[in-house]
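I am attaching a structure below and will ask some questions about it afterwards.
Chain naming follows the written order as A, B, C and D, and within any one chain the residues start at number 1.
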């Protein structure tokens, strides 16, 4: 397993940051609808969506937020960490074709309790679309054998 | 648009509840990995995952949580509601083949501010796997023309 | 199971109606091609399709028709009903970007035989694109225990 | 266009037949759910489905039927034909992992009106799961230039 691990709790410090970006396409929205079962017409039906305050179809909030999980699980802290909790505030809509950047910044590192707190923000250009905080458990570096 | 709307804020009362169930399959995990970019080996790599505390592959926490969005967006309050925020505590792992039930229960309905608060829980059998709370904005019933 | 059931045969009357709308995107056509194996170039190949009487790519007739199954299986009569038969007349082409509304209207309800007949129409704007009829079996409300 | 065309109406005779086979996987069911919006729990939720007469999850009837469109649009008569109508009787359930064979057999060929009628059957092993009939329009061979 250690081959895949990028950071142990011993390696982490507040202020460390990582980002993952992805363009949200029609196909992402469709797959997310299939995997979640969320067929809300604001995501799938142009005519319905154009009559809402969004004036057009938008991506699922949890699809956008899933990019946070990508940073946590693949970059910082990366494989082996355990996702304890996440808060999400949906600040602005994301439309098909928008490119979302999810950024994770460590704010607290408790090496004794192996706990990490992170600020987790998703942006499109200069606008924050999802703001939140994640808590994780990260294992200690194994003692040399 | 009103054809698709199930509930206006006027129709909602604390205690109303709705559920959506789905078996989490390998295909769901794959599609979620594709749409999110979250390729953490704990979700995709049997050998890696079997060496973690989970002793096998688990579904993404946000994939499991996405069933909450399905209830909110398609059943209660249903199409037309605006997702304001969500908190999520990941309590226990979900494995491929597990059937998750997401249940939404309204806890506060502020008809003046058009705001609703809900308890949002996901269970596998009797075990809570994700616990949390959602806040939404729900429109008023349009005045008759 | 009864949590998910919306209507029993006892609850149904001729004239009841429900609708589901969805914009047919490139991604839908691609996924339907993948799941069905239907790689007819009139759906996938702009150059071929532009030389047909349709003068451009069109969605699969059964993809458009699948929205009928969505209404039947999720809204009216909803979960628990059994799909007995369906007739489909393909009246006009649907192009990527068109928003299709599938409408189901109950025409006959035989409470003794637990059989329902429905008119099933798909429209784009004012134009009917698929016309047809479905027959279903719907269970009786369970006797109180 | 003629490069892709397999048969013109001039080439068709009653009795001609073609088949397409495909194993219906979890991924097909998930993609079909996304593209159609049909999240009926009999397709997606093991616990719900195990309490129905099917005693487990089944594929969408129109997903199974979509293999007919594959034969018509890619093999017999193939690219360039126009789908006029389809009838479908759902005779038996198809489960994830079942291999479906869709067979099309021409029953009437009206060269004057450029119309073809076909028997369209889907089978799993020896059991017919969908029976029906399709009508198509097929173009005449272009006159040599």
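FYI, a contact is a pair of C-beta atoms (placed from the backbone, for glycine too) under 8 Å apart; a residue touches a chain by one contact, two chains touch by 3 or more.
All values derive from a computational prediction rather than experimental measurement.
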Any chain in contact with chain A as well as chain B: C, D
Chain whose mean Cα position lies farthest from chain C: A
Relative orientation of copies chain A and chain C, as a Cα rotation angle in degrees, nearest 5: 120
Copies chain B and chain D touch via same or different residues, half shared test: different
Distance between the centres, which are taken as Cα means, of chain D and chain B, whole angstrom: 35
Chain C-chain D separation of Cα centroids, rounded to whole Å: 16
Centre distance in Å when chain A and chain D are each reduced to the mean of their C-alpha atoms: 40
Numbers and ranges of chain D residues touching at least 2 other chains: 27, 30-31, 34-35, 37, 39, 41, 44-45, 48
Interface residues, chain C side, partner chain B - complex: 3-4, 19, 21
Touching residues on chain A, where the partner in the complex is chain B: 1, 4, 20, 22, 27-28, 31-32, 34-43, 45, 48, 51-53, 60-63, 65-70, 73-74, 78-80, 82-90
Footprint of chain D on chain A - complex, ascending: 30-35, 37, 39, 44
Contact set on chain C toward chain A in their complex: 20-23, 25-28, 30-31, 70, 74, 97, 99, 101
Interfacial residue positions of chain A with respect to chain C in the complex: 25-27, 29-31, 39, 41, 44-48, 57
